[in-house]
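Each of the two complexes below includes chain A, the first together with chain B, the second together with chain C.
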Partner chain A sequence: MTAITASAPPAAPRLALGRTGTAIALLLPIALINAIGFILPVLNLLRMSFNEALAGGGVRETVTFENWTGLFGDSFYVELILNSITVSLSITLATLVVSYPIALYLHRSTGRWRTFLTVLVISPLLTSAVVRTYGWIALLADQGPIVSGIAALGFAPPRLMFNTTGVIIGLTEILMPYMILSLLAGFGRLDPRVEEAAMSLGAPPIKTFWRVILPLTVPGIALGCLLCFVLAVSSFITPKLLGGGRVFLLATEIYDQAIVTLNWPLAATLSMLVLIIFGAALAVYARILRAID
Partner chain B sequence: MEADNTSVPMKILVALLFIFLLAPVILVVPLSFSGEQILSFPPESWSLRWYAALADNPKMISAFWTSLLLGAIVTAISLAVAIPAAYVIVRMRTLGSSFLYNLFTAPLLLPTIVLGLAILIVFASIGFLGTFPGLIIGHLVITLPYALRVLATTLGNLNLACEEAASTLGARPITVFRRVTLPMMAPGIVAATALCFLVSFDEVVITLFLTGPRLTTLPVELFHHVESRADPLVASVSVLLILLTLAVVMIVDRSVGLSKTFVK
Partner chain C sequence: MTMMKRRTALLGISALAFAASMPAFAQEKTVTLAAYSGIFQDHYTKAVVEPFMKAHPDIKVQFYGMPNSAQMLGTLRAQKASPQIDVMIMDVSVAKAATDEGLFDKVDESVSKHVADLYPAARAEGVGGVGVTFDNLVLLYNEDQVKTAPTSWNALWDKQYAGKVAIPAVPDIQGTTLTIIANKMAGEEDYKKTVEPGIKKLGELAPNVQTWDPRPDVYTPIANGQAALGIGWNARAQVYSDAAGSKLGVALPEEGSGFQINTINLVKNSPANDAAKTFIDYALSPEAQAAFTEAMFYAPTNSKAQEKISKEALARTAAGSMDDMIGIDWIAVAGIRDAITEQWRRRVIPLSR
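On to the complex of A and B.
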């Protein structure tokens, strides 16, 4: 701060000092909350992943890599990690497939109709994930309308709840608004005249889609997929409730280790792993963006 | 206006996908009028019994008041803290503004499950678990970034001319801020208020780590209820929650316009 004051114009040194003092005073509350509620806890979490867990929930301050090596030596955790990534990728893909037509339609509509549809897309975001998951529990239950409907058509009634299928269906719907909004944000380059040009030059609709529309919307697709993947890997409420304790994913395991088993070092290590997966997803995204340009 | 060049199959597909998107939210409305003992759809009989059950459920009601009070306090503190911070970061531009902006909005980049665990471990050592101050700080960590983002955007889009005119005419900086800047920020402040309240009122994951047996919020109580029982009680709570959210959203829409607030 002194450096700033010293380098301020000599004409108004007192003003500069006063300004800096005021600025610091005004920023102090937010900095304090940020430090207590964010910086300190996150650094502490990183530190915790190198501590030793004692039986019964105790923690011994030390520096060990056992949590990390133990994670990759235990087939349960290796499977859990791989399962989390595959399930999240499936959810991302499913979300993209069901969101793309809506986004494309929204991009083409105008005026009040567009506003109305945008509100419809955003409105689920304002509803608690607990409520939406609860809605899915009612829909996917063994006696629920979907299973009964499939059974009425003469097929074997599938199990859609308390397994991975249920988690994928629920999370796909819950992440749709994020995907639709990301796609829309990336659709800027898609000009309807380009499509018309392709069509008038004789390209069939399917070919127009694959060769013209899809390539132009890759930035939006990449953004939406990054966001949904990251949210899927770290989502907790829906896997916990729709998985019914039978679907093991990173986020549910972090919670169980922290609250039920009280193994904080392991929970911290799993959290760091989630952040590492985030970093990897971000790197892939950056690579895709560079490849487009 | 509707998109004209869309073929009929495409329109049907889009309609079906919208049904998929909205189904779970819309479903809770008929579910809440179920006359059944357990969660089943469609219900075989209709009644208001689950609204009556809600009125007789002291845990849900006390959790609701906790959430309401918490949301109000968190919103008030968020504004009191974020308005000056946004002003310094956008207008005074002395202390590495963009670094500070990124630092103060960084909590949004972390998944709540990680942030919740991180706060749990620190709060456990200072005795903040299951306490109201602990919940307030935990919520502020995620409402402040939203408030700062909305308010900084609002400030950045304001025309400096009015403030400069007031300043030139001899008003002191604090007077300029109070009489010119603050009133011009009103739409952003309304948006930030609504956003902070909804974020706090809806927060589950971080709160799940910080609540105790005697102090719990409505979303956490709902979570535990859904986890342990499948009955239509949650549907009646959900309908009331949706109505509350709609009310907040309509207030925002009347004063600033919904799309400006939530579509960034």
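On to the complex of A and C.
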């Protein structure tokens, strides 16, 4: 982001006005769409979060901080917020761990093989998350192949679905393509010659990984983690289908409050909270990037 | 230019001729009806909307299907300044919220003389509309896994079905209805006083529960054997159990059940107000009520409809067991719903982990 402003060449004063004019003209359509389609609704949500919810689903226009104070005064909601953040962080970490070796291998492969593998990695995005989640339901069900396989080996059959485990398994797989693509995009600085240099100077493979490869891939890791965390916090369908009503997360709670209980002010408050969490995640990301530079 | 003029004139003449030959078409009014999509829409269109249009050729009814009452309320709120919907069929407690916000006109005897024939439960205090369908909670079972049809809600508590029970939890009103039934089973008749015994009893059910949020609905996992037992609404369960090769069994337990009420409402400042009133009058008539019961097994709200319904269809509604039904005052329940939800989340659902 900083690179863009820094790389803009200093323009002659006579041209500057024309150029700014063009820039504004080019930015105007998307700025307008964003203002109408995003900023206005968000402001509307913010306003709604200060309204009062009436029993039975009514909304009374007023200015009250009750929704906000109630949220942090209620142990259920405090737990729900913490649970959302820890579950999303676990999903992000799991996605990173399983995606990193794949991305590293992809980065090193060449030619047609690389194209083929890249297509293979992206292909899950061609089917919707709903379909893939139903696939996981078939696999993780009590009579499904995984649970019966574990039982056949003589272990107590575990519960892999309709709980937090199921949500983490499902979302990890669903977010993997995003993580792999982000990692690949951030692997630009990883030059095989640097690794060779480290090895030829006597570093064993593990040390090369920790001291050379990993630090060079931090931009990709940061980008992938930011993307997956944001997607995990806001994902709704997979937790709804695999959570079995036991896993209380921000996205599913917003749905329940908006659609089932009709408590729009509370739903709006929770939505604003999600935005605040996104803002915090972006701040952490920016800080990491600045630290590397 | 002359060509253009001639053509315009011709068009005008043919339009006049067309209008003269079809006076009904020229005056046709469109009533927009918002109600549940899916099988409700399919059956309501065939049993009520199409016969109505046949009887009133000058009124066209456009069915606008929406997945749930909350979405209907949202649409209504958004259109408050200029409503596009004339008639809305939705759950009674949501209709109360909409009435409180001034979105509905009153449906009384001046709108339809049939209002006088409705059961008292269909005329809820403070709701603009009146009841158009009664439904009730039933016990669902998979016919392969539960060999003999259960006769009591206690089947849900049976340890042999541990991990095989599907319950749509609160805030879904199926969970609310089960709370009131469990409360009565535990000896407390007045849910308005306390639901404490019911909550305790549900805590004992919790370890049996596989999912508190069956998807896409509660009927599917039981029909395909993923779950063995569950709770759901009678009308939909009856329709799904009729599907070819269906394994879904439906039982109305001996302890009785509770009603869910859908109301038919007249939207305030609706564009086709008079035609909308004509449709509401028809929807409440014994004929329309009987036809919809035959089609989808909702119990009629018009007391004069029963005699027009076949014995077979009537036996599949709660109409025959009215005495065992718990009278649920949904308007009062709306006031204690948050408290019930809180109890479920703290003391029922956590016991099933």
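Criterion: the second predicted complex is superposed on the first by the 253 of 293 C-alpha atoms of A that agree within 3 Å, B and C clash if a C-alpha of one lies under 4 Å from a C-alpha of the other, contacts with A are read in each partner's own complex, and residues count from 1 in each chain.
In the analysis below, a contact is a pair of C-beta atoms (placed from the backbone, for glycine too) under 8 Å apart; a residue touches a chain by one contact, two chains touch by 3 or more.
Quick caveat: nothing in here was measured; it's all calculated off a predicted structure.
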Partner chain(s) touched by A:A129 [first = chain B, second = chain C, both, neither]: first
Touching partner for A:V119 - first (chain B), second (chain C), both, neither: first
Chain B versus chain C as contact partner of A:I277, first or second or both or neither: neither
First (chain B), second (chain C), both or neither touched by A:L241: both
Partner chain(s) touched by A:E173 [first = chain B, second = chain C, both, neither]: first
Contacts of A:I259 with chain B and chain C, given as first, second, both or neither: both
Chain B versus chain C as contact partner of A:L54, first or second or both or neither: second
Touch count on chain A, higher of chain B and chain C: B
Touched partner set for A:L160, first chain B, second chain C, both or neither: neither
Partner chain(s) touched by A:A141 [first = chain B, second = chain C, both, neither]: both
Footprint overlap on chain A, where chain B in one structure and chain C in the other make contact: 141, 143, 240-241, 258-259
Chain A contact footprint on chain B (complex, rising order): 1-3, 5-7, 10-11, 13-14, 17-18, 20-25, 27-28, 31, 39-42, 80-82, 84-85, 87-89, 92, 94-95, 100, 103-104, 106-107, 110-115, 117-122, 137-138, 140-141, 144, 148, 198, 202, 204-205, 208-209, 219, 222-223, 226-227, 230, 234-235, 238, 241-242, 245, 249, 258-259, 262-263
Residues on chain A engaged by chain C in the complex (per definition of touch): 54-59, 76, 141-143, 162-163, 240-241, 243-246, 248, 256, 258-262
Chain A partner contacts - residues on chain C that touch it in the complex: 68, 70-71, 73, 93-94, 96-97, 100-101, 163, 169, 171-172, 210-213, 215, 226, 331, 334-335, 337-338, 341-342, 345-346, 349, 352-353
List of chain A residues in touch with chain B within their complex: 1, 4, 19-20, 22-24, 26-27, 29-31, 33-34, 36-38, 40-42, 44-45, 48, 98-99, 101-102, 105, 108-113, 115, 117-139, 141, 143-145, 170, 173, 176-177, 181, 192, 205, 230-231, 233-234, 236-237, 240-241, 251, 254-255, 258-259, 264, 267-268, 271, 274-275, 278
